[in-house]
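In what follows, structures are represented as structure tokens.
Okay, so chain A shows up in both of these, paired with chain B first and chain C after.
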Partner chain A sequence: MIDRIASGFHPFVLPFLAGMFFVFGYCIYGILKILLQLPREDRLQFYKSLITPETAVKNVKDIFLNCLLHVKLWKRNPMLGFMHSSIAFGWFMLIVLGHVEVILFVPERIKFFYYPIFFNYFVAEADSTVKGSVLFFLMDFFLLVVLVGIALAVIKRFRSLIFGMRRTTRPSFLDLIGQYALWAIFPLRWLAEGFTAHISGGSFMTIPLNWMARQFLGNEFNMLPTWWAYSIALGVFMFVLPFTRYMHIPAEMLLIPMRNAGLRIRHARRGFARAEIFSCPSCGVCIDACPMSVKKANLKDCTVYLNRHIRRGHEKRVDEISDKCLLCGKCQAVCQVGVEGPTLRMAQRATRRYSIEQDYSGIDTRPLADAARGSKVLYFAGCMTQLTPRIPRAVESVLKKAGVNYVWMDRDGGLCCGRPMLTAGKIGEAKQLIRKNEQIISESRAHTLILSCPICYKIFREHYSLPGVRVIHHSQYFDELVRLGKLSPVKGSGSVVWHDPCELGRGSGIYEAPRDLLGRCAELREAGHNHAESICCGGSLGSLTLGFAQREAMTRNALDDLVKDAPDAIATGCPLCMSTFGRYADRPVKDIAEILDESC
Partner chain B sequence: MMEFGFRLSPSSTIDLDRADLSLYRKIERLEPDMKTCMACGSCSATCTAGQYSGMSMRKVILGLQRGTDVSGMLSCCMLCGKCTMVCPRGINTRHLILSICRTYEKK
Partner chain C sequence: MKENVIIIGGGVAGLEAARQMLSLGLRPIIVEQSDHLGGHVACWHRLFPDMTPARELVAKLVESCREANIFLETTVQSINRLKDGYAVMLSNGVNILSRAVLIASGFKLFDAAKKEEYGYGVYDHVITNRDLENWFAGAEDLRIPREPKVFGFVHCVGSRDIKAGNTQCSKVCCMTAIKQAIEIKEKFPGCEVFCFYMDLRLFGKKYEDFYLNAQRDYGIRFIRGRVSEVSETIDGRVQVKAEDTLSGKPLKIQMDCLCLMAGMQCNPSATSIADMLHVEVDTDGFLRSKDNIYSILESQKPGIFFAGACTGTKTVPETVAEARAAALSIFNYLSR
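Moving on, here comes the complex of A and B:
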């Protein structure tokens, strides 16, 4: 392999070079901006994690598996996984092998950035070696891999249903330019390398193309225009990259180490949040997942559009989208990049300023603390459970049957757990309520706190500091009682489906205890979407702006999915889900405590 | 002055011509739902904060309509959402509360 052009330069590389310098410059600027926006302690934590061997290894592994091989996407949707990994990994291998070629054959040229990309133009094949043909074979092989990926991408753009996606995002103008440039890059590369293959050599993809081109076109004048076109396509792609969804390629490589360092969203737009917003690939998986998308009016209110509007600075839409969301967390559960849609929205809500601030200092907790004394086991029903007296009645009955000595601390009313305030972005107010409840519970000297409401359960687990107190949802507690033999339910003849409430399932990771318990009381059926994929009932307190009328379609859609397997009854562990489903269901909706109470 | 052991009650007349209804007008535009309230009091009956502070959504709406100060009641709301759940008119009371808290101008 010898150099064909003495200077090692041709003006056609300029569009590529300009694009590359631009995109590198932009990424360095973006990284510095994000790092400087991080709070000082977060920044130090991030730097420390980069030099800690375990996290450093994890970073490399995660970037390789997720950014190149798209392992998570493979698990979710093999077709999409194949498409993305063939483009990403194939392209990566083309770049790596390009460098290998330069190092092996013309090592003095490695100082030119463009050489590995346009290698075939600049060299001529002096003699064919095994090493050379293996490399050329690999280059052609990975080019084929990328071309297959691109072909799938083109099909997906026009027939997304083949890939199992009902709805995809509507691309913006620049997205389209970036996309067409990306589609053009690899066919052009194939053409360009094909036209040069009789000089530089090639393999199973390029040599036949060369032969055909020479048969039909017959001259070499086509060579240079195709290399120009290839370089221009690369240049265009890199110039528009920072302003399109393709920004997720560099952004995710920053997001993964930041997440591995344990950083959290502390500001609606800055630092870690910014890294997440730019890592969104606009794939639109969250559109089909969003429970609100059953209504066409809500299609543009899912996380992918939140990210897009934040990037473009459309403040009004950002506010609307943030307030509408049910915070069910399904978009986060299905997101391949792990964009925390609900947390971003809560951070956005926290930026509001209110003229009336809530203040609970006037509330005397002594009577509440007195009511909570007297037992090691406390039962806290919570606000929503107070509205559904069936639940506490059943819980009490079960506790009595099991011979548990307990105290119902909010029998005559208690304070709110603070989660509604937290989700509305009023963090200070939520903290006041948390402190008050902490005080009441720690004064009671109880060691177990049973909760009936997953909304309370989530905040008690995550934000309360109750040393020595075990916080547990009633479904888990009853499951334990059954295992300990204190309760012996008799399996009835009916069948029942378990609805995973958002805050209990996705929010707190409790999936198996309630299923185990229900399986002992009745025949357990599964919903169409269950576990982390469960569909929100639509009643969530997370949404600030959705009214009853707008929620009905969501509830009906979730109900249809729940009764796919024709169960006799619907069971859940959340008072809010229960009353929401109860409004429209055609069969009984019961709390898990009621079902257990009936069968023992 | 002679002490009779009782006093005349202060007048509870509401003079709507003199009342400052600017806040009500603003909220009315933001939350048209509010006008459908029929003052049934379900919200007040279920209110978590009501027990400790006298918060009552019914009274807040009444206060807005009469131009009286409602900030004291709202400053005790816990946003638990029970009022929204029980409202027979389907008013999104939580958002109404947040809107009042945002729009309110301190006097």
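Moving on, here comes the complex of A and C:
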């Protein structure tokens, strides 16, 4: 081992050092800012989770699996996963092995941050020793891994379909600079290490390069410029990093522990929301997933652009994007870092002040509470179900056949569940309605509440406080009745496809109960996209600005996907999906209760 | 030699056009997909404003078209553009050459079951304007009680309703509802009759008088406000919830029968013929005329003419007038 430069310093490391200090400084500033923006109790909860052994282990594991190995991305598309993990993990290993080299051979130099990065320039270690040759082999191996990843990234730029992406994000100017710098870093490193391969030693990548490119690499005058270029590429990348999509690399390492601590979005921009916004890697997986992007419409209204506009402070576009969204949650389901697109938008809507505020405090709940008394089982149809009378009729018929003693609490009128207000960002108004309904239900002394509308179901589950009351969607309840033997459906000859309503599937995680139930009544088929990938019907009341003409294309697209396997009928468990599909479908669209009612 | 002219559709428009063509010395050939002539009007009982029996009008038209070639239960299979005219292939194997084609395929009644909140096809006592008209004409309908005490009409079902996919006004339903309300009142003088409307569009001759009569002489109650929701009571009656927007109050009325005024939309077979001919469909779903002021009856393709409700919602007198004008336009076109 020879320390080639006695002082251990050369000016070419300066761009790298400056970039590194800048990026570290920026990250510390960003972390402090986010932490200070958290509400006090959230902050304490976060600190506590960092020292709790279970969450601490989970944090390390999640960061390793998601940030370095990109496990989720592998599941989405192996090519995409390979590309990202080879760059991230390969680069990580180069840094780790660089440190190992410094610790093993020149431990006194570890205080220089740049030594592990530029080790081969400063230190000549003969690759003839076992230690040296193994380490050099590993270094070259991971360099190869990263180079393969970079090559794939270049291919992806021009042929994204190979990676399962029809549309990708339009990079911003700084994104492009960051990207080209990133692409340049590793080929330059290879080249730079090629110079020193015959001095400092090398392995299967660097030594052959040194032999083959002797014309260039043999000329010592080319050496320093190449190391300079390598350092400058690193410096440029780190200088632009905070202003590009690559900010997701440090941000995600903060987001994962914060999420594991159980934090939630409490403000449209601050604290946890900020961590999510900066964690968006701008990959654009949400563009293809967004149901609004049918026929190339609304391409710039998906979550990746919401994040970008929030970061740039384009308030007008942030409002437009927030209001347009159907809140179907598919972008969140496919998102690799788990950015909660719908929640961010609802928080943004909640920041708006309206000149009129509704007041529901005067509503007299006594007649409604009287109507809800008399049974342990309550059925709440909700506004949307009232507009589709086939559903409550079938629900009642099934309940009677099963011999359930129930009360239809809003048969003669009821209060809204509050979800439309909540999605519009009117949290105060929604809470008024929630409190009123809670009062009606708790006074009834019922222990089960059946809902035939997933829109109601979601808010009842998440925002209502009903101790001792089991809130259940009718598809689940009926599935239980069948399992208990209270109903015995006869399997018909027809086939049926199940449409997962957004609020029931992605929103509440109920996928299997309706499928089990339908499978007992008819031959069950699957849509092209199902479960968490199900496509929104387009009728969602989540959107505040989409018109009917724009929604029609979305509905037709979802229908085409539903009937891929040529089912005789379409079944769903949401009155809004049912009436939306019913408008354009070429075959019967039924509620799951109707199908069950017909077969028993 | 007499010239062939193909008329697609044997409703009021097709029949009247054929009658005129016969008298102009042409040879009309009517292609009708159903088993009867007269179209929707043949299923109607009486026509406003003079309560003319629809059957008489249809019988008169059919009688005067006896010389015409008529193919019932026949559809157009294909149409090919020739150098000077069209070759039309019918589903019964007949092949006709003609220099002019008249599209008179009319409208399709909106399927009221699509407005599920009104309960058509779900509740026992919800009917449509067509059901009621059939019943007036003598057909049996168990949904209409023997002695109704309260009877309701809902205007604009599937018209001026973007959710139903139709933004156009169907023109005739306001008057039809008033006419049918009066007829109900005549049959059951003790019955209370309500009409729920958003606007009353009474543009035609004597329409406004009819409306005044309905209020003054028959005591029919007009409530401005859309019906929000219909449900069924335990004893099987229909319960209607609406808002009276003039008094600003919500209403809840129980009824023995509710009649939905289903509107008009373009006939899907007109759209398929338009496809064969490469004739454009307008943004409202009806066929596109050369222009909507001076050349409503002409398409953008030479020799293709329109008459009646295939280009938009029309009343019977408007349809008859258009059919006559179309016959003359075709005569002029052929004798150029």
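Just so it is clear, the second predicted complex is superposed on the first by the 591 of 600 C-alpha atoms of A that agree within 3 Å, B and C clash if a C-alpha of one lies under 4 Å from a C-alpha of the other, contacts with A are read in each partner's own complex, and residues count from 1 in each chain.
Here, a contact is a pair of C-beta atoms (placed from the backbone, for glycine too) under 8 Å apart; a residue touches a chain by one contact, two chains touch by 3 or more.
From a predicted model like this one, the values you see are computed outputs, not experimental measurements.
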| item | value |
| --- | --- |
| Superposed partners chain B and chain C on chain A - clash or fit | clash |
| Partner chain(s) touched by A:Gly468 [first = chain B, second = chain C, both, neither] | neither |
| First, second, both or neither for A:Gly485, with chain B first and chain C second | neither |
| Touched partner set for A:Gly403, first chain B, second chain C, both or neither | neither |
| Partner chain(s) touched by A:Gly313 [first = chain B, second = chain C, both, neither] | neither |
| First, second, both or neither for A:Ser579, with chain B first and chain C second | both |
| Touching partner for A:Pro11 - first (chain B), second (chain C), both, neither | neither |
| Contacts of A:Leu541 with chain B and chain C, given as first, second, both or neither | first |
| Chain C versus chain B, contacts on chain A by residue | B |
| Which of chain B and chain C A:Lys426 touches, first, second, both or neither | first |
| Touched partner set for A:Ser355, first chain B, second chain C, both or neither | first |
| Chain B/chain C common contact set on chain A | 386-387, 413, 547-548, 579 |
| Of chain A, residues touching chain C in the complex | 386-390, 393, 411, 413, 547-548, 552, 579, 582-583 |
| For the chain C and chain A complex, residues of the former touching the latter | 114, 116-117, 119, 122-123, 162-165, 229-232, 241 |
| Touching residues (chain side chain A, partner chain B) in the complex | 323, 352-360, 362-364, 383-384, 386-387, 413-416, 418, 420-421, 424, 426, 429, 433, 541, 544-549, 576, 579 |
| Parts of chain B lying in touch with chain A, wherever the complex brings them together | 33, 46, 48-49, 51-53, 71, 74-82, 85-86, 90-92, 94-95, 98, 100-106 |
